[in-house]
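What follows is a pair of complexes built around chain A, which joins chain B in one and chain C in the other.
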Partner chain A sequence: MLSYLARRILLSVAVVLTVIAALFAMMHAIPGDAVRTALGPRASEAMVEAYRVKMGLDQPVLVQIWRFFSTILQGDLGSDAISGVPVARIILAQLPDTLYLVAGAMVVAVVPGIWLGVMSATHRGSLFDRVTSVLSVSVMAVPSFVIAIYLLLIFAIHLSWFPAIGAGEGFADRLHRLVLPSVALGLAWIGYIARILRASMLEVMGENHIRTARAFGLSERRIMFDYVLRIALLPTITVLGMGIGQMLSGAVFAEIVFGRPGIGKLVYDSIAARNYPIVVGTLLVTTGFFVLVNLIADLLIAFLDPRVRNVVSR
Partner chain B sequence: MSLDASDPVLTVSGLTLSYDIPAGELKALRDVNLSIGKGEIVGLVGESGSGKSTLMQAILGLLPGAAQIRSGSIRFEGQDLTGLSARQMRGLLGDRISVVFQDPMTALNPVLTIGRQMIDIQHRSKLSRREKRARAIEMLARVRIPDPESRIDRYPHEFSGGMRQRVAIAMALMAKPALLVADEPTTALDATLEIATIDLLRELQSEIGCAVLFITHHLGVVAELCDRIDIMYAGEIVESGATGAVFQDPRHPYTQLLFGCDPAQIAEPMRHLPSIGGNLPDLTAPLPGCIFASRCPRADETCTTGHPADHKAGQSDLVRCHYPLAPRLEISA
Partner chain C sequence: MTVKEMTGVSRRGFIASSLALGAAGLALRGHPALAQVSTEGGRLRARLYADISNLDPAFWTSGSDALVMECIFAFAMQFETGTSEFNALPLALKALNVIDDTHIGFELNEGILYSGEYGEMTAEDAKFSWERIADPAVQSPYAADWAQLDHVEVTGRYSGTIVLKSPFAPLFTTTLPATSGIILPKAAIEAAGGQFSTEPPVTSGPYRIREWQPRTRVVLEKNPDFKLFDVVFDELVLIPIEDPKTAELGFEAGDLDHAQTSISSIPRFAAAAPNGGRFDEFTALNYYWLGMNEANADLTDQKVRRAIQHGIARDAVVEAAYLGAASPAAGIIAPGLAGHRAENTYNYDPDLARSLLAEAGVPDLNVTLSIQQTAEDLAAAQIIQALLADIGVTVQIDQYESGSFWSLGIEADGDQWKSLQLFLFSFTMQPDPSWATAWFTSEQVGVWNWQRFSNEEFDRLNQEASTELDTEKRGAMYIRMQELMEESGDFVFLTFEPIGTLTAAGVMPAMRPDGWPILSRFTKA
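Let's turn to the complex of A and B:
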């Protein structure tokens, strides 16, 4: 288990380093001279040269790569190109709101998703199963921003059950205002989780060891929860790990439509203002978060499945 | 039906079962009669597709949804199993009736420890968890799992195939059932392990005194282990009797040809192993005559038009053939 943990962490570090390298390459691949873009068309040659030296752009590429990596790895994400405030501070101020949103969306997705998946697997072919199947696919097919707009129209404007925009103040108000964006972001995932869980449950239910459990007279309830679900949840956990990445990018829509602060809104505004340090910093933070979540998902799988631990550590 | 059927543990009589399939009705079992006495080991032999597994599933109440029992009964300790609810059947499974399945690599849950599974199957017992664990360790020791105190906390993939099958046997016999159904328990093992596993099974069986239905297509194992043998072909039991008697003087043409195909029975080296020509009949079509008629070298018009009755012939208790006393057939390579 320890060796598995070490390998998995090493792999995560490699992923993060690759992303940093890709970000560096991406910035160099953007057409045009970064210095002239930053200073504007009326800058003199002397100003351009001074800025170039100040930003380290006169150094060879290898030195630039080294500096890029070392500053990032020291936790320094640079400063806002406009206000000069450290990027890390800006991102940390916005991060919690996005994490609440993603957590809310996960709750919206996972609780009904697992329930529907278990119910449609145990009642395979029933009317319930078929209706769930059709609804899952149709909801999955609708983009989340469309869902967001309709939720606003129905629940905020027509019914006035929820406020339309803002993140709110205080716990109850925040939670209240979190409902609609969470549903908008998580709704499509209910069906996705239900489908995946149903398929893997049916697969496990057909395995020989389940027949063995039945042949020893174990109750259906016990077989489903202790013997089937424990194995069937494994692929769902992997998908959820990836899903959090999708939700982080989906958060852009939800935050804009519902006028919430957050990472998504921050990236959107920064791209519009060509504020690249913020864009790069945000990308790094979300990547780091995504890698961390997938690391946790993999460790959870290793905890639940002894075969994974052994195969990898051998 | 059986030699000393004074008080059999299990009696299958006239069992007819079919599967509803898109093409119609597949008559998987037709008028099957089988009886197992107390403490008796009965071998059920047949090729793939002969209905052995369906019969086993019918006895265990683990039939798939498409299977329909049309007629007949399965009496176990005086109860007709075909009439039991799922809940009543669950009450018998793992307690009075136990099973060892074919493939030891997949028959155990891969994400739960052996100990957890052996404790779970004692769900009827009022013992404490610690006592159940102690019983499981004791049972593992009896099937000669080395170091059972620490092995019990291992997962199935950490055991070899032979050890897993011994664990499965330990699980099946832990409740001291009246009937053990063994579904080709040694087919997936190599020859030396097969012998060791059969010795172990016989040893535990005589200690516990349970009856065994041993399903196999390995004739040597039947000769070695079983008191009685039932030969199954295309959903019917075509011959049944004491093992020695049937091996010595098989009366059904299928049995005679089958024994001729057993590589262990062939004296001199041959270029080709002998086989019975033809294929299993289509079980969705109407079957007016003898089930074996299409492959039987001796078949005549009587065989293709009339279904044979069960006869007592030679030393066999049951021979489902129109000509049970005809001279023995020899197979040509």
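Let's turn to the complex of A and C:
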């Protein structure tokens, strides 16, 4: 288990480094000048050049990448090209809002998703199963930004049940403002999780050890929760690990539509402004987070499934 | 050995603990800075177009910066609100006295207090602040605002004389009434290391910063020491919302008291403002035009460019792009400013356009039209495409995201300027005509003059107009400059962009003629 953990961590670090190096190079390949954006149209050529040197943007991309990684190893993500504020401070100020949005979306997706998946599997072929199946595909097919706009129009403007924009102040207000963006971001995943779990449960329910459990006279409830669901949840955990990454990237639309702060909007605006230090810093953090979540998901699977653990141990 | 034996944690225990920790984390979230604010005395919530990025008068970068600076610093002069003409009135300045064309006496109001230990605003501070922006060593992008400044003479604790190298008309229209006229104490700037960004070492305006949550909100609280005018709202909550549609939804849901709307929503809100609020419409200073790169091989012949001019019905383009909320413009200087041009020197004439193309020997011309990814640009481009097809010009529309678009004509960014042909452009400006014409001089070719328009008479007039103090003569110069631009065939002037604003019931907005809000002067209706 420990060697498995060590190998996964090393692989994760390699993934983060590769992704950042590739993104760093891609950022410099797209047209647009960070210095002119920072200084505005009234800056003279001399000022533009002096600023370029100050930011190290006059150096070849490889040198810039080397400098970037060198400073990261010293725990420094650099400074915002425009305001001069440390990038780490900017990201740390935005990260909690995005993480809570993703967490909210996960709650929206997982709780009903698992319930619907279990109910559909245990009532296979019933009207409930068919309706759930149709609805699952339907919500998966509707783009999240469309859901977001309708949620705003119905629940914020017409019914006035929820605020439309902003992250809020204080716990209750924050939670209140988290509801609509979380639903918009998580709704499509309800159907996804329900479908995967249903298929996975039906597969497990047909296996020999389940028939054996029934032959031993165990209750259906116990069979479902202790034998079927335990194994059937494993693919769902893998999907959720990937899903968190997709939600992180999908958070940008929710942050724009709902006027919320967050790293999605931060990186979107920073790309438009060619604010390289923030783009690269933010991508480093989000890539690291995504890799970490998937590492945890893999470990969790190994933890929950003795077969995986045994294979790893061997 | 099992995991439970290794860790002492069972699967069920692990899951239960995780859920409990997650819930606790959510409950404990809440930084002290986000504590509920008092609404006593009034709180105004307004949209900020973007987050603040630099509040130093010598280095600010965006309109949002300027909006906040107008709240936290006592400007030397400030534009009157609720009028149709720009009229700058003294604020920190008590009086201005034009001694002669190059000597302007000034007197400050007494008792303007800085925050912290920096005491009272004095003429020495004015000298330091204005000379600082002009100083080449500081490398301020706004040095041109004080381009003609020789020095400032201090004649008393509150009085002095601005000594210019030559007359400078924008001094009274955009330098002193805007950010370059802000007066700050030398000690505070030196203590901040010579410059600052988002954390001003000192303030002097009607409000001071109570909280800045990056990209979330800026909360300003009333400055009790400010006495230059009555401030009504105790607190301003400024929320950065880039997307105007989001701001509209926020206003309709009651989350905002004031917001600029999207252009496409102007007709809807003009018909009925939501929630019993008010809708106001303004003509911005922003000018919008179609440019043609005369250095491109397909467009070097002036007849071709003039044919394109004659082939575009500007009213149809403006109608499509701004949904009836804007009128065609005859130039780049907005109504209400010296040099505003009421009429063009040519009309939409597709027959003439076709004959010009035939004369030029290019009956089948293919060109690209570069635009940004906005609904207005796309609508305008599609109408231009249809109109030019009628005269035998095939237009391919190329859309760019803003960062890429803004480098298309800049020589320093590569060779793409050579293939640039037609483009839709919009520039913002301050209320002085010099701001409109500054970008089209020969010096700006390859920088912001993407048309590569170069005309000696234009360059000379641009120089002379900035030193001409007679408004009438100055206006005539700017009108002539716009004629030269049009005659070159490089420009199709389209419009001045419309601005729509929503204000909640119970709030009386204070707006400049161009729709710029002076938030510190908002009152209760």
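For this structure, a couple of remarks:
One rule holds in what follows: the second predicted complex is superposed on the first by the 271 of 314 C-alpha atoms of A that agree within 3 Å, B and C clash if a C-alpha of one lies under 4 Å from a C-alpha of the other, contacts with A are read in each partner's own complex, and residues count from 1 in each chain.
To be clear about the criterion, a contact is a pair of C-beta atoms (placed from the backbone, for glycine too) under 8 Å apart; a residue touches a chain by one contact, two chains touch by 3 or more.
Since we're looking at a predicted model, the values are computed, not measured.
In the overlay built on the shared chain, the residue A:S160 is in contact with chain C alone; chain B does not reach it.
In the superposition on chain A, A:L10 makes contact with neither chain B nor chain C.
Judged by the touch definition given at the top, the superposed model places A:V142 against neither chain B nor chain C. Residue contacts after overlaying the shared chain place A:G259 against chain C, while chain B stays out of touching range. Counted by residues of chain A touched, the larger count belongs to C, out of chain B and chain C.
Of the two partner chains, chain B is the only one touched by A:S219; chain C is not. Of the two partner chains, chain C is the only one touched by A:L39; chain B is not. By the document's definition of touching, both partners, chain B and chain C, reach A:L304. Chain A uses residues 304 to touch chain B in one structure and chain C in the other.
Those residues of chain A lying in contact with chain C across their complex are 1, 30-33, 36-48, 50, 80, 82-85, 90, 93-94, 96-97, 100, 103, 152-153, 156-157, 160, 163-171, 173-175, 256-259, 261, 265-266, 269, 271-274, 303-304, 309.
Those residues of chain C whose C-beta lies close enough to touch chain A in the complex are 3, 6, 11, 14, 22, 26-27, 29-30, 34-37, 50, 52-54, 61, 139, 141-144, 197-198, 213-217, 239, 241-243, 246-247, 249-250, 252-256, 401-404, 406-408, 410, 412-414, 416, 439, 447-448. The touching residues of chain B, counted against chain A in their complex, run 60, 62, 90-95, 98-99, 101, 103, 106-112, 120-121, 123-124, 155, 157-158, 168, 171. On chain A, the positions that touch chain B within their shared complex are 207-209, 211-219, 222, 226-227, 230-231, 304-307, 310.
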